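Each structure below is given as structure tokens.
Here subunit A shows up in two complexes: once beside subunit B, once beside subunit C.
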Partner chain A sequence: MEIVAPPAPGKLKDLRRRFFATPLQAVMSLISLAIMAFIVWKLLNWAVFSAVFTTSGGPEACQAAAGACWSVIAARWRIIFFGLYPYEEQWRSALACVAVVVMTVLSCIPAFWTGRRIALVWGVGTTVFYVLMKGGVLGLPFVGEEAWGGLALTLFIFVTTCLIGFPLAICLALLRRSELPWISRTTGLIIDGVRSLPLISILFTFAIVLPFALPQWLQGDKLYRVILGSALFFSAYQAEIVRGGMQGVAKGQEEAAMALGMRYWQRIGRILLPQAMRNALPATINQFVISFKETSLVVIVGFFEILASGNAAHGTGEWRFAYVEVYAFIAFIYFVFVFSLSRYGAFLERRMSVSER
Partner chain B sequence: MSSLLRNQKVRNALLQLLYVGSIAALVLAGVVIARRNLAEQGITSGFDFLFKSTGWDVNFTLLPATANDPYWWFFLIGITNTLFLGTVGLMLATIVGTIVGLARTSSNELAQLLGRTYVDIFRNIPLILQVFFWYALITHLPTPRAAHEAWGFLLTSRGLYIPFPNVGGGTMALALFALLAAIALPLWLGRTSQLSQAIGQRRGIQFAGAAAALACAAIILAIGRLPDAPFIDFPALQGLNLRGGLRIPPEFSALAIAIAIYGGSYIAEIVRGGFQSVGKGQMEAALSLGLSPWRVFTLVRLPLALRAMLPILANQYVWLMKATTMGIAVGFTDFFMIVALTINHSGQTLEVIGILMAGFLAINLSLAALFNRLNKAIALKGNQLRG
Partner chain C sequence: MISGNSTQTAGPALRIENLDKYYGTFRALRSVNLSVERGEKIVVCGPSGSGKSTMIRCINRLEQHNAGRITVLGTELNDDVGNIDEIRREVGMVFQHFNLFPHMTVLENCMLSPMIVRRKPRADAEATARRYLEKVRIPEQAMKFPGQLSGGQQQRVAIARALCMQPQIMLFDEPTSALDPEMISEVLDVMVTLASEGMTMICVTHEMGFARRVADRVVFMDGGEIVEEAPPEEFFTASRNERTRQFLSQVLGH
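And then the complex of A and B:
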């Protein structure tokens, strides 16, 4: 007897099965469809069809339009991206941002996931960024930190927070799992204390209160104090993630290393940490995502990062009405960074759960 | 000496002493230097300033406040504001999160898509940006003269005006408490083992309990209403400003909306995770027992999902409670903003930072304790644990 394949379901039948199987399903589909159509139409109409894209008409023509006024971005994109950075030198700020993006992309490639290579990538990337931004060497004019702003400042705070916070987190995690009770207890107290405070209060303390408690020669620039505070906050959370990863490593691993006669640092560096970091990777990326979003809080202690420069872009006279467009634009920039990072995290999680089977 | 150092116990003791000692020395040095620096500016340390009057005002308070009130009263106002904003934000975020989370777990692909888009967009935009956005949106609304009006509600750049019963603050709090009891009492009556009726046959008692609590609320409002004034106070234009009704300031609504939307996207993921953790077999077993889909949901799926969600939800609530400190970005006088203002005005930096830490520790610990109790109360016990 000839085997007959079942008839391929038609497009319409398939649609009906997926969205209109029961009356309840049909109602839900219709409601969802209506909501979607309404939002998409309103959004498209505002952002594209009735929007003004050119600066030729000036703010007045733009305000009269029914839709979005993207000319504010065209007119003010430099202040949003670069803040108060000197006009002729802004290419350096842009190049520095590119350096950070390249560095981030490189550290997402598994080939770079050894301690030495990742340290090399981040060391080189941050140096390039710092030299480009600050200048004073290689014929680049000097630009002080107080003139940094916009996207470059956001990225700088993020990168340095991770760069200081990550090693600190590993130290804290190791100290907390120490067998000496007073060391682990004191570290636990510090970690839990920092975790129970909101980040804003820590930034505020480091920026405004700390100078009272430090001798003159140790105070440093406000920017670096704030970065230190944000790194401390990051490391308190990251330490718990690393500790969780360490708890996932079988006890036998360390015992076997001990039996082989490995010293403490060899055991930690070659046996424990590589496996712990692997366990902790998804949560770590999630922590990076959170800390990227939280760089925006430095606006409260008076830094000119991308959110503050956005406030400045619509805060003056003629563009006062165009705040929605500016915020939408900044939200889009954050979205691009954060969404790609979190998608990458989800991809890694899937990949690792497959390879573990 | 060297043999003593080689002794493991002695070395460990020395190591611990060194670690704890150096941290303590660092903190102590900081405090000493700070006290000296502050003394140079003529600020004496101590908590006496708590009883001096502040000389400045707060823009949002649930408790009566004037510029003559002492600092400790202002701290109390700050804490109540933080807790109030946090509670309102958490409730709204939970509602949003539950709806979006249910959409994400529904069998309808279009609803799933809608839920996923929501989560992807709002989770990936910093909370403070959303706060700024809503604040700008509200303060750009028309002036009171040209307010948007609907059913007695007025939307203006000075805030949202809503009709409100003409009663005092204390009466309102009592009435709200009675309303809360009207919700809680039937739930308690339905579960408690102190009644003789079997669980499931207590409809009458539950209704009676709710009705009694509602009646209490009505009586409280009737007694507490202000004489010779209409019962419900509608906002209306008088001169250039609006009078009457209840004004919700733009700072508060911007923060509450932002926390609801941002927190909702996180809670949606927790809700989704909770529902996905319920084994398929549980639902199939319930269906094969002949329960209707609705009863399968309320009796099997929801209770099991709730148990999986609660610990993660507790963490998220603590996080959102801390997020109320964004108030300082738009000028809402929450606990942290009161702290910052106090440092500015009184200069008692160290003491105020101490109060800040103690305040947040207290808030976090009590939230954690509350959720631990809740978690214990609904945890599976005894025979229920058999999967």
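And then the complex of A and C:
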């Protein structure tokens, strides 16, 4: 005899059960629906139907219209994306952004997760970015770091912060679980110390105070000092996330690896870290997202990352009134990057959960 | 030999002399002496907390002893990392809770250590792994993850994984204690086969039927010391020791 599962309720029936079960519930549902429809209509009207998209009329046409003034983006997108980068050379900045994005996407693909391939991707990616942005070789005019800005700068700071901060975080986490008390305590002190400082004070210290303490040849450009500072900050938080992930790995795992004759680094690399990173994945994605948005703080030490460039886009002269549109546009760019990051995190979790069924 | 090690081929497989182990101020092992010949099967039993697990965990340095000497295959176990590595390559271990690597397939579990510790080529490692999976009678599970297997199957994979290193001595630390009753015999069967092929085995277990069938000697521990050491027929029927008889009446009593 075959036993058939009861049929799932139809979509319409399910809807009725959830939202229209009683008269009161039906009224509440209808009111909420009306409010939502009103908001959506207002928003669409502002953003699309009554909006101005072309620059032909100039700012005056915008001010006359009732809707959004997207012409400000059409007129000022170059400042938003490239900041103060020289106008004739901005194609380089655009290509550099593409290079960083390609590098990031490639290193997110599992097929590239071998030491040699990932090193190749990162080596080539950062070199291409650096050569394109800075120039001075291959017939490209020189552009100093102080002129970098916009999206390219935001992406560069974020990616390098992670590239430096992540390995550093793993080192800190491993040192913190050392059996030698003076190593684990010192590391703990460093992590707690960095975590108890605000990011802004760390950026200030690295950008402005450090040059007084270091010899000339060690200082480097302000940009790289700022990146180091933000990588240090990132690693202090990420180290605790990694350590949490390590605590979730059963003690027997390392014993089994020892009993099979694996050395310390083999146990760490093959057994402990893969499992720890899986445990730590949701918190890690969270940390990446926070770090991406925190890049906007570098404006206080004088860098024109994308948010600051946006301020410049609407802050001068005739587009002064159109700040909402500029912020909406920048929010959209942040959203694209952060949302992709979240979806990638979800993909990784699905992929890893295969082995846990 | 592939590893090019210097372990001797003559002499006892294992010699433990006056072994002491402390956890803080608690003395877990009291001057333990034990010698195991090549090919010998030893079953270690005793009440919980008697030091049997501690003793076999000292043999491959999962625990560090505080005094006494352990010599494995002619190599002394001391602070020399080279010696520890060499001994761990030659001594396989099976744990109560299997400790398979959950992020790798069964096959990868079996291939990893031969490849990175013994430096075997991948094809060799895979052939060996498949041979031992066949031997523990689960070749068809090679591509599954440990989490997809039953407890008994996982423990058989753990045995295969240890055997893939082609060790000269196998340690079993209560291999059936975490298993559902109906899965115990499939694991014991594999261990019996292994014993019949001449493997040197030291098993901490409460499976007295297994001890009777396979052991050359049964070692009874209590309070951190070896109380009695005897061939199984003598141990089970003619023990002169009061503590042994009391323990036996508890494990065999119903």
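Here is the rule we go by: the second predicted complex is superposed on the first by the 321 of 357 C-alpha atoms of A that agree within 3 Å, B and C clash if a C-alpha of one lies under 4 Å from a C-alpha of the other, contacts with A are read in each partner's own complex, and residues count from 1 in each chain.
By our rule, a contact is a pair of C-beta atoms (placed from the backbone, for glycine too) under 8 Å apart; a residue touches a chain by one contact, two chains touch by 3 or more.
Remember, it's a predicted structure, so these values are computed and weren't measured experimentally.
Asks: Once the shared chain is lined up, is A:116 touching subunit B (first), subunit C (second), both, or neither of them?
Replies: neither
Asks: With both structures placed on chain A, which of the two partners, subunit B or subunit C, ends up touching more residues of subunit A?
Replies: The partner making contact with more of subunit A's residues is B.
Asks: If you stack the two complexes on chain A, which partner ends up touching A:263: first (subunit B), second (subunit C), both, or neither?
Replies: second
Asks: Which partner does A:11 reach: the first (subunit B), the second (subunit C), both, or neither?
Replies: neither
Asks: Taking the superposition on A as described, I'd like to know which of subunit B and subunit C A:271 touches: first, second, both or neither.
Replies: second
Asks: Name the contact category of A:293: first (subunit B only), second (subunit C only), both, or neither.
Replies: The first partner, subunit B, only.
Asks: Which holds for A:212: it touches subunit B only (first), subunit C only (second), both, or neither?
Replies: first
Asks: Please identify the positions on subunit A that touch both subunit B and subunit C, taking each partner from its own complex.
Replies: none
Asks: Show which residues of subunit A lie in contact with subunit B when the two form their complex.
Replies: Residues 18-19, 25, 28-29, 32-33, 35-36, 175, 180-183, 186, 190, 193, 196-201, 204-205, 208-209, 212-215, 293-294, 296-297, 299-300, 307, 311, 321, 323-324, 327, 330-331, 334-335, 338-339, 342.
Asks: Which stretch or stretches of subunit C touch subunit A in the complex?
Replies: Going by the criterion above, the answer is residues 60-62, 85, 88-89, 91-93, 95, 97, 99-105, 112-113, 116-118, 145, 147-148, 158, 161-162, 165.
Asks: Write out the stretch or stretches of subunit A touching subunit C in their complex.
Replies: 250, 252-253, 255-263, 266, 270-271, 274-275, 278, 352, 354-357
Asks: What residues of subunit B sit close enough to touch subunit A in their complex?
Replies: So the residues of subunit B in touch with subunit A come to 12, 15-17, 19-20, 23, 30-31, 33-34, 37-38, 103, 106-111, 113-114, 120-121, 123-129, 132-133, 136-137, 140, 322-323, 325-326, 328-329, 336, 339-340, 343, 349, 353, 356-357, 360-361, 364.
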